[in-house]
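Shared between the two complexes below is chain A, which has chain B as its partner in the first and chain C in the second.
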Partner chain A sequence: MRDIKDTKSIGARINTVLTYVVMIFFTVMAIYPLLWLVMNSFKTTTEFQMNKLGFPKEWVLVNYQDAWVRGKFPRLILNSFIYTGVTTVATLVFSFMAAFAFAKIPNRSTKYLHGSFVIGLLLTLQSIMVPLFLIINWVGLYNTSLGVLIPYIGIAMPMGIYLGTEFIKSIPDALVESARIDGATYWKIFISIIVPMAAPVAVTVAIMTVTGTWNEFMLINILTSSDALKSLPVGVQKFAGALSSDFGKQFAALVIGLVPMLVFYLSFRKEITKGVAAGAVKG
Partner chain B sequence: MTGFKRISVLALAVLMVVTSVFAQGTKEDAAAGKQIELTVLNYIDMSEPNSANDITMVWDKFEAENPDIKLVREDLFNEPFHQKTEAYVASGQVPDVLYMWPSGRSTSLHTTKSVKDLKPFLEKDGLFDQYNPATVAPQFAGYLAMLPNGVTTTHMLYVNTKVLRDNGLAIPKSYADMKAMVAPLKAKGIDLIAMDNMDAWVMQSCLFSMVVGRFGGVDWYERLAAGKISFTDEWFVKSLDLIDDMYKSGMINRNSLTSPYGSSRGSFAAGKAAFYIDGDWSTGAFQTDITTGKALISPALQQSDFELMVIPNLPGEVIHNSNSGVVGTGWGMSANIPAGSAKEAAAWRLIKYLQGEYVQTYRLSTGASFPSNLNVDVEKVVKERNLEPFIAKRAAYYAAHTPISPVVDGVLHSDVYNVINVGLQEIGLGSKAPKQVASEVQKAWDTWKKNQ
Partner chain C sequence: MPKVHTLADAKREQRRAYWTLVLPGFLIYISVMAFPTVFSVILSLTDYNGGRLFGGKPVSFVGFKWYGRLFVDEYFYLALKNNLWIVLVSVFGQIPLGFFLAYVLHRGLVRYGDFFQTMIYLPTVISTVVIGILWKSFFAPYGAFPELMRLFNPSYEYGISSHPLFPVLFVILWMYTGMYMIIFIANLQKIDGSVIEAAKIDGASEGQTLRYIILPALSGVLVVSAILAISGSLKSFDLIYVMTGGGPANRTTVLSIYMFDKAFKGAPNYPLANAISTVMVLISFSLIGLTKWVEHKFGGKE
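Moving on, here comes the complex of A and B:
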C-alpha cells in the first residue's frame, strides 16, 4: 500500500512539474514578444541594429516623445475612445431591441428580416469597402465621424443580433406571456425581464465590439481623410512598414497603440473570461 | 417613465449629441474662404527622422508662399496609402494632387487614366529639358502620368573597406576576385555578403535584376516582349546560375533566407560582413538620425571605411558596370480637374514646387531621393551644406555605374515576377535547379501573354 501511495505521489509530482513547464513555456511564448517590443522601443535604431535581443545600454525616451507628437496620438486615442464607446453602446441597444423582436414577437416577415441582418456575418470588409466608400460620399458623410460610426454600428450589429436572438429564444416564452397578461408593455418586458437576463451575452457582444472597433483601421482609413478624425490604428500604421527606417519610433508607436487595450484587458479580465465563456456556450 | 427607461433615453440622447458634435468635421473643412482648395494624398513614413521636418520645410513653406492656395493634405504610409488610393480610383474621386508610382502599386491610376499627362504642362512652361530624360519618358499607360523625384537604382553594393584592409584584401575588380575572398574571411568568422532574403522581392530587386541586365542587355525586356528571346535562353539561365553559384560558394549565406529585410545592416556596419547588398534607398538608414544624433555609420567612418559600388564584372556578361533601376515615385494630377481652370493652375504650381529646385535640394540633403531636376547641382549642395559622405559617394556612384537596365518587377506582371521571386528562394534553399526555375518562369510568361 505504501509503495503504491509513494508511486502515486511521484506520478502526481511529475504531472504537476510537467504542467508547470508547459504553462510557463506558453506564458513565455505569449509575453516575450511584448517584452521584446517594449525593450526595443527604448533603443535608438543604431543600437537596435547592433543589439536586437539584449537590454538597452542607454534607455532612450525620445522615441516615445517623437512618436507621440508626430503620430498625433492624443487626438487619435480620444477618437478611438469615442468611436469604440459610441459603437459599443449603439450596437448593444439596437441589436438587443431587434433580437427581442425577432425572438419573442415573431411575424411572417421575421425570418426574412432576421436573415437580412445575419447575412452580414458572411460579408468581408474588403467586399463592401468600395461600395461603402461610394455611398458615404454620395450621402455627403465622407470625412465625418458619423460617416464612420454608421458603418461601424452596422457591421457590429449582425453578430449582436445573431447572439442576442439565440440567447433570448432560450428564455421561456411563458415569462413574456405572463408579463403580457399582467399588462406589461413590450418595452417594459424588454427592460425589466430581457435585458437583465441577457446580460452575459451582452457582455460577449460588448467585448467583441470593443476589440473589433478599437483595432479597426481599414474603414476609418477609407472613410476619412482628416487626421482629426482618424483613430489609433491608422496612427500606428504610419510608423509601421517593410521599409521603415526607424525601428525605435516604430516600436514606441506600437507600444502606445497597445497600452489602452492592455489596460482594458487587465481591468475587465474576469468579465471578459466570463463573457467569452457565455458566448461559447450560447453561440 | 421607469428609471431604466429614463436612463436609456438619456444615453441615446447623449449619444446623438456627442455624435453630431463630433460629426461636425474639422475647422479646416470650413475655413477655405476664397482660396483654391487642393486635396493632396501624401505618402510619408513617420518613423523616418526627417518626416517632421518635411511638414515644415516643404508643405508649410508652400502654403506660406502661396496664400491663395489651401492644401487639404492626407498623410498616409504603406498599405493604408495603397488601400485608400484604390478606393479613390474605384470611386472616380482621385485627390487633386497625389503621390504615385510610375507603375507597380499605382497601376490602377495609370490604366484608368485617372491622372493627367504632365508633359504638356512641362513643355508649356519650358521645363521639359530641365529634368533627367529618363524621368520624363512615357510611363505605364504611354504618357507622363507623374513627375518623378528621380531614378532609383535597386542594386547597391555597400563595401566595408576596413574589413577588406584588415584582412589584406582590396576592393574587387571582378566576380572571381569577390569569390576568392570567401575562404579568408570565413576563416575569421566574417561573411562575404550580408543580405536579407526572407522577403522574396529583395533578391530579385536588389541583385537579380542587375544580373539579368548584365547577361541580357539593357533591352532584354523589349526583346522578350517581341518574342525574340525567352526565359529558357542562356541569358536568363546564366543569371539564375550565378545566384545559385553565389549560394553554393558561400558568397551569400543560406541563412540570409531567414533574415528579415534591413536586419543585417547593423552586422555589416559592425564589420561582420565585408559587403552588404540593398537598394540605393538604404544609404539613409546608415546616416545620422537627427533626433538622436546617432548614426549606424558615423560620417567620419562613411568617409574613411565605406564605399558604394555595384558588383564588378561577371563572367560572360554582355554589358559591363551596369545597374538596375526604375523611375522613382513622384506626383500626379487628377484628371477630374477641368482643363484650363484655376484649380488646374494651382495643382500644377504645387507639382512644380514639389519637383522644383528647392524641394529636390532639400530631399537630397536628407538623403530621401536623388534629384530628377537637372538644376540641382549635387556637388555644390554636398559641399555647401557639408552633407554626410554617403550623399556625395552616392552621387559618384550614379555617375560611375551606367547603363541602367530594367528591374524585373518594374516591367513584368506579378503573375510572372512572383514565379521568379519564389524560384530565387528555391535556388537559395537548394531545392530547385536554375533550369527548372527558368522553365517555370517561361510557362508563367506564356500563360500571362495568352491571357492578354
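Moving on, here comes the complex of A and C:
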C-alpha cells in the first residue's frame, strides 16, 4: 500500500487537494455562523452597527451581564436541568422495566403492547399537540411542572422501549433462568443482572432523551405560560427574539442558550454520534 | 430450597412481575401519546370549540366538514407546497451531501477526520431556537448577510426577497446535513473492510468500489434516511416558527405552523387544527409507504 501512495500521480494529488478544499469549505460553513455570533456578543450594539463582520475592537462583557440578569437565565437553566434530569431518569427506569418484561418474561400481551410502543416511533408531536393541551387543561395540570414532565416521559418512552428490548433480548436467557432456579425474583434479576448489563444502551437512550428534552420547544411553549416554569429555549426565544435592535444583548443571550448543549456535545461526542446512528435504525 | 412451589404459583408470580414492570411506562405512554392521537382524529370530526371537554356544551359530529374546509383554503396549499420544498431539500440535499462527507471521512481521504466530523455535526446539537434567532439576525437587513454580499458585489442592495423560503431551506440544509453524515459513517463502518481491500487489489478504482460494493451495501440505510428526512421535514416547526413565524404574509408557512395558528392564535378552531394534523400524518405515512415501494420495486437488498 505504501509504495502506491508514494507514487501518486499528479491527478491523484489534485484530487486530494480538492477534497481538502471541499472539507474545509463545509467546516467553515458549519462553524462560521457560530463564531460570528460569539464574536458579536462581545461588541456593543453601536459597534456592531458599524462593524458587522470583523473582530470587536474592544471586547466588552456588558451584554452578558445585562442578558444574564434581565433574561432571568439562572432560573431558566435550573428549570431546564430539572426537566431534563427528571425526564431522563424516569424514561430510563420505566422503559427498561418494560423492556425487560417484553424481552424475558413470556406473556401473550407482549406482541400488542410492544407493538403499540413501536408505532409511537412514527407518531408526531403535531398530532398530539392540541389534544394534549386540552387534556392537560382538563386534568388541571396546565402550568405545572408535572404537566410538562409526564408528556416528556411519554414521548421519550418509545425509543427507550425499542432500543432497550432489542438489547435485553440479546442477553442469554440462561442467565435469567438460572437466577430463577436459584430463587431470585424478577425484580432482583432486573436490578442485579439486567441493569448492569444494559448500561451501554442505557447511555445511548439517556443521551437521546437529554438532547431531545433539553431542546424541546413546542410543547412546553403551549403547556405553560408562567415565567417560573419556562425552559431555556423558551426563555431565549421570548427574551432574545423580542430584542430586535439591541443586538449585543441578543447575541449574548443566544450564546448563553448555546453553551450548555455545546459543553454536553464536546464531552459526549462519541456517545452522541453512536446514539444518532442507533436511532436511525427505526423506520 | 426453591422458593417457587408449584407451577401455578410460578405462573402467577410471573404474571404479576410482568404487569408491575410494564404498566407504569405503558400508562404514561398511552395517556400522552396513543390516546391523544386517537382523540385528535375524533376531534377533527366534531364541532368542539373550547369549553369543558366532558360534560360541557354538547359536542356533535360533523363528519368531514373541516377536511372539506381545508381543501378549499389556499393557505393549506401554500403550507403544503413549502413542506414539499423542505422534503426535497432534505432528501436530495442533506442525504447526498451527508453521504459525500461520510464517504470522504470514512475512506480516510483526508487527515484530521475526527476534527472535520466534530465540527460539521456541531450545528445539529444546538437548540433550534438559538439557531433560528441567530440566522434571522444574520439574514436581516441590518445583519451580516447584506454586508457579506457587498464584499463580493459592492452594488448589492438589500431588498425584500422574492423567495423568502430560500434562507429557511438553507438553514435546514446547514443544520441537519451532519446528522445524515453520522448515520452514513456508522453504517459504512459495518461494511467488511477486507472486501474493499480485495477489490482494490483486484484493481477496482475508487469509483468502482463505491458503485459496486459500498452503495449496494448501504441501500437499506439510504431508505431509512429518506424516511427520516421525509417525516422530519413534515414535522419541521421550531426553526420556522422562530425564524419567520411563517411570514412575511404566510409565504414561509408550513403545515405545522398553519395548524399551530389555527389552534393557538386568535379564536381557536380545534377541529380544523386536528384535521390538519391528521392530514399531516396521512401524508407522512403515504410518503414513507411510497419510499418503501420504490425500494421494493427498484431492487436494493437489505
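Keep this in mind: the second predicted complex is superposed on the first by the 226 of 283 C-alpha atoms of A that agree within 3 Å, B and C clash if a C-alpha of one lies under 4 Å from a C-alpha of the other, contacts with A are read in each partner's own complex, and residues count from 1 in each chain.
As a working rule, a contact is a pair of C-beta atoms (placed from the backbone, for glycine too) under 8 Å apart; a residue touches a chain by one contact, two chains touch by 3 or more.
These figures come from a predicted structure and were not determined experimentally.
Peer 1: I'd like to know which partner A:115 touches here: chain B for first, chain C for second, both or neither.
Peer 2: Once the two structures are laid over each other on A, A:115 reaches no partner at all.
Peer 1: Applying the document's definition of touch, where does A:49 land relative to chain B and chain C: first, second, both, or neither?
Peer 2: Both chain B and chain C are touched by A:49.
Peer 1: Which partner reaches more residues of chain A, chain B or chain C?
Peer 2: C
Peer 1: Thinking of the overlay built on chain A, is A:250 touched by chain B (first), by chain C (second), by both, or by neither?
Peer 2: both
Peer 1: Does the superposition put A:100 against chain B (first), chain C (second), both, or neither?
Peer 2: In the superposition, A:100 touches chain C alone.
Peer 1: Let me test your reading of the model: by the given contact rule, A:74 touches which partner, first (chain B), second (chain C), both or neither?
Peer 2: neither
Peer 1: Tell me which partner A:86 touches in the superposition: chain B (first), chain C (second), both or neither.
Peer 2: first
Peer 1: Quick check for you: in the superposed arrangement, does A:225 touch first (chain B), second (chain C), both or neither?
Peer 2: A:225 contacts chain B only, not chain C.
Peer 1: Mind working out whether A:11 is in touch with chain B, chain C, both or neither, as first, second, both or neither?
Peer 2: neither
Peer 1: Which chain A residues lie in the overlap of the chain B contact set and the chain C contact set?
Peer 2: The overlap between the chain B and chain C interfaces on chain A comprises residues 49, 52, 129-130, 133-134, 137, 187, 217-218, 222, 234, 237, 240-241, 247, 250.
Peer 1: Can you list the chain A residues touching chain C in their complex?
Peer 2: Residues 16, 19-20, 22-23, 26-27, 29-31, 33-34, 36-37, 49, 52-53, 94-95, 97-98, 100-102, 105-107, 109, 113, 116-117, 119-120, 122-135, 137-138, 150-151, 153-155, 157-158, 161, 180-181, 183, 185-187, 190, 211, 214-215, 217-218, 222, 232-234, 236-237, 240-241, 247, 250-251, 254, 257-258, 261-262, 264-266, 269, 272-274, 276-277, 280-283 of chain A touch chain C in their complex.
Peer 1: Under the touch definition given earlier, write down the residues of chain A that touch chain B in their complex.
Peer 2: 44-50, 52, 60, 62, 66-67, 69-71, 82, 86, 89-90, 93, 129-130, 133-134, 137, 143-147, 149, 187-188, 191-192, 195, 217-218, 221-222, 225-229, 234, 237-250, 253
Peer 1: Can you check the complex and tell me which residues of chain B touch chain A?
Peer 2: It comes out as residues 2, 4-5, 8, 11-12, 15, 18-20, 22-26, 28-29, 39, 44-49, 51-52, 72, 74-80, 83-84, 86-87, 90-91, 93, 199, 261-263, 265-267, 269-270, 281, 284-285, 289, 291-292, 294-296.
Peer 1: Given the complex with chain A, which residues does chain C contribute to the contact?
Peer 2: 2-4, 13-15, 17-18, 21-22, 24-26, 28-37, 39-40, 43, 52-54, 101, 104, 109-110, 115-123, 125-130, 133-135, 137-138, 142-144, 147-148, 151, 174, 178-179, 182-183, 185-187, 221, 223-225, 227-228, 231, 234-235, 237-238, 241-242, 255-256, 259-260, 263-264, 270, 273-274, 277-278, 280-281, 284-285, 288
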